[in-house]
Amino acid sequence: MTSIRVTVWNEFRHEKQHERVIAVYPDGIHTVIGDGLKAHGVESVRYATLDEPEHGLTAEVLAETDVLLWWGHMAHGDVQDEIVERVAARVLDGMGLIVLHSGHYSKIFKRLMGTSCDLKWREMGERERVWCVNPAHPIAEGLPDYFEIPHHEMYGEPFGIPEPDTLVFVNWFQGGEVFRGGCCFLRGRGKIFYFSPGHETHPIYFQPEIRQVIANAVHWAAPTNGPRIFVENRKEPIEPIS
Amino acid sequence: MTSIRVTVWNEFRHEKQHERVIAVYPDGIHTVIGDGLKAHGVESVRYATLDEPEHGLTAEVLAETDVLLWWGHMAHGDVQDEIVERVAARVLDGMGLIVLHSGHYSKIFKRLMGTSCDLKWREMGERERVWCVNPAHPIAEGLPDYFEIPHHEMYGEPFGIPEPDTLVFVNWFQGGEVFRGGCCFLRGRGKIFYFSPGHETHPIYFQPEIRQVIANAVHWAAPTNGPRIFVENRKEPIEPIS
Amino acid sequence: MTSIRVTVWNEFRHEKQHERVIAVYPDGIHTVIGDGLKAHGVESVRYATLDEPEHGLTAEVLAETDVLLWWGHMAHGDVQDEIVERVAARVLDGMGLIVLHSGHYSKIFKRLMGTSCDLKWREMGERERVWCVNPAHPIAEGLPDYFEIPHHEMYGEPFGIPEPDTLVFVNWFQGGEVFRGGCCFLRGRGKIFYFSPGHETHPIYFQPEIRQVIANAVHWAAPTNGPRIFVENRKEPIEPIS
Amino acid sequence: MTSIRVTVWNEFRHEKQHERVIAVYPDGIHTVIGDGLKAHGVESVRYATLDEPEHGLTAEVLAETDVLLWWGHMAHGDVQDEIVERVAARVLDGMGLIVLHSGHYSKIFKRLMGTSCDLKWREMGERERVWCVNPAHPIAEGLPDYFEIPHHEMYGEPFGIPEPDTLVFVNWFQGGEVFRGGCCFLRGRGKIFYFSPGHETHPIYFQPEIRQVIANAVHWAAPTNGPRIFVENRKEPIEPIS
């Protein structure tokens, strides 16, 4: 068991409008992600969604969140800039952030990356394989060399991100593309993990390997209590110039 | 000689208002930086400043610029957001960007880094040493293990940037601090170099080693004609799921 | 409390020969490092030294070691190549390795880095400051922006290592140098941390901040149970060419 | 035209023994690689092979080589350790090194990486696609988002290398694997590029995109005249402790 406090944020629009998504995630993608975390011993999981006041991400909620997960897709533009800045500040101050799938194009991810976050994509439900390229990394804990997702949307390179501080997974697609699908970034006092699987029409978040990766990522991204940035004056005597 | 087209952008406010700065840079910091580049064989140098229309950075100017240098300090807030986005888009599309000294806190650098870009600072005119930690890097070309700046403002860690894609210089300060003073970042199709020396009251940009570093950085940051991002459809036959 | 199994390896020659070292570490540097770990809740600490059979690093000992610490200086050449290869293989298979101070020039560190591991040095007992440049990293946990070592040997750049996968500490020296003093490397399934403080004539390993860093590093370097490398055959049907 | 002095080293055994290889490279793989470089304006190309005295890599040859290319496969064990150390020293002193295909398992590459350099492999002549993941890098100059190799040996992850300082290409294989096929490493004063295409039974080194990558890599890896490592004494007055 762990005392890490997780908030799973979901746009939660597809699940109210699209039959194919409702069939897979009737109570929302966030609840299935949360169930996966609970099954891995993460006890403190709360949810927040776009249509709540302040998108459910008040200063209080963020202050009590160690790791925030982010799933969004069709309504990135509806997220208020002020909330994006609030989340960004909290990440730089130490809160972990796990951005899932189409969240690559969310305001918060683009804000923290500083790049286009563009990618190629294709929806044909093709086969995907997630290969581990960094077996020493804690996010790879307990996972095999590769695992399969039977049917998924293709995401392809070039992916418009900064080179990850550590690359953990590279994904293969049946149709001929590759994708850096598991990427770690350290930013300020915070840790960010981007993980590409998770299209809303496929039951990705029920899959055991996916749940393992996300649970590992939550543990990796939980904040440390490291150094605080403070300004002091000189440490050695200096003779100022006139 | 090289055909790299450089634009040196300068805020150009200190040099109109502050006696100590006028004494060092009567015609503006940008002209001295430009003179240094010309002395290193960079023939095509133009200038742009904050108080020109569109800050001198029209779409035409940027389209004809291979590498943009950026010096700003007291008026970061006066740079229009629209121009910042225009420059950011051009960098991600391949234009090199060299950010100097207090430009660490410019809108364009913070926009592209996605982090606080905070640092410690102290103005006492103390001694600084710039140490090379990556002798294989082209920006270190022709430079010794270290060189000195006799009097400079201190910039200290923690510096709120992403971990550089390559760290080239680490600076030592007489008063007891260190600073990652020469940092390379690849972003999209563009290359970014941050170089910390250059306080406006010291004749830093006349110093031969500084001029060497900046000329090296211009050559490193010049765009290649690498791959363009385009979206195609599938490369292998896929049987779609129903 | 943690169940991480640590082995502290020490050359253990200075402490038998040099009065100044005996005065600081009468029972060996390794025991003081071990005491520091125990004070941080690491219960399982054993020791191994150069003059034991197989340098105390039998296959059995290594198989039961999660993290190995390495201190050596005057007798690097006496370490048998066969044992070096045994340790290297174990690191690549997942055992953490923490290399301390003059261990930068040990056979095992040079073997795993592939580079010269050269550095500048000077023994005058000058002041050193250890600055954190990556506050998000778990090895920085609980530490301030910087801490001081009152008297220490100088280690200076250029340091002949691969660029670290993550740089955590940069050290300042009174005499004018800087040094990348806290460096993380992922190699195979193993994690390596180099930490520069620890000259044998100064009571470095009694210092609380040093003990904190080493304890943090032990936790960071402990192996995960991530993917195993195995060879399989094809995953998709391929029509072989004739 | 460029004045970079290139030496192409080839094991040159397959081409004397195996019919299928002789059919593709009757004069040796090295001559075809050299022809590709000459077609890209690299005028100074010489060759060296395993069965020459000192494998053709005398101190004189290495001193006059700016960039060394390395192709080996069936006789890695026949390369003398002394020559390996000579090449390694020259790389750390600034000579560029480009390791091709099965050279991943050469003594020189393993020596400089410090890791296993293991990978998965399968010979079925399947389709491969080389994707660029870092369009800003000079080795990607002039290349499209991806290019195809119609028939090639599969190389798959996990690839037992240090995380590259810059990852340029990731390769897709028809049979279901991915591979980090274009990897940059800075080591000492030298630059190393590993490029995976080049199995001896396929006419890979005649392919225009492959020739472009190798020519780009030669330009990238050519040495700079950066800082030399030298030891000095103190730069600031220090009061030694007694």
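Couple of notes before you dig in:
Letters A, B, C and D mark the chains in the order given here, with residues in each chain numbered from 1 onward.
Here is the rule we go by: a contact is a pair of C-beta atoms (placed from the backbone, for glycine too) under 8 Å apart; a residue touches a chain by one contact, two chains touch by 3 or more.
Predicted, not measured: the structure shown is a model, and the values here were computed from it.
Shared contact partners of subunit A and subunit C are B, D.
When you average the Cα atoms of each chain and compare centres, the chain farthest from subunit C turns out to be B. Chain centres here are Cα means. That of subunit C falls 31 Å from that of subunit D. As a whole-number value, the distance joining the C-alpha centres of subunit A and subunit D reads 36 Å. Looking at subunit D, one finds that residues 129, 132, 134-135, 145, 158, 163, 165-166, 174, 176-177, 186-188, 227, 229, 235-236 touch two or more other chains. Interface residues of subunit A facing subunit B in the complex, by the touch rule stated above, are 88, 92, 111-116, 118, 120-122, 124-126, 151, 154, 158, 160, 162-163, 165, 174-177, 185-188, 227, 229, 231-236, 238, 240-241. Residue ranges on subunit D touching subunit A, taken from their complex, read 129, 131-135, 145-146, 156-159, 163, 166-167, 170-173, 176-178, 180. In the complex of the two chains, the subunit A residues touching subunit C come out as 94, 129, 132, 134-138, 140-145, 165-166, 174, 186-191, 224-230, 235-236.
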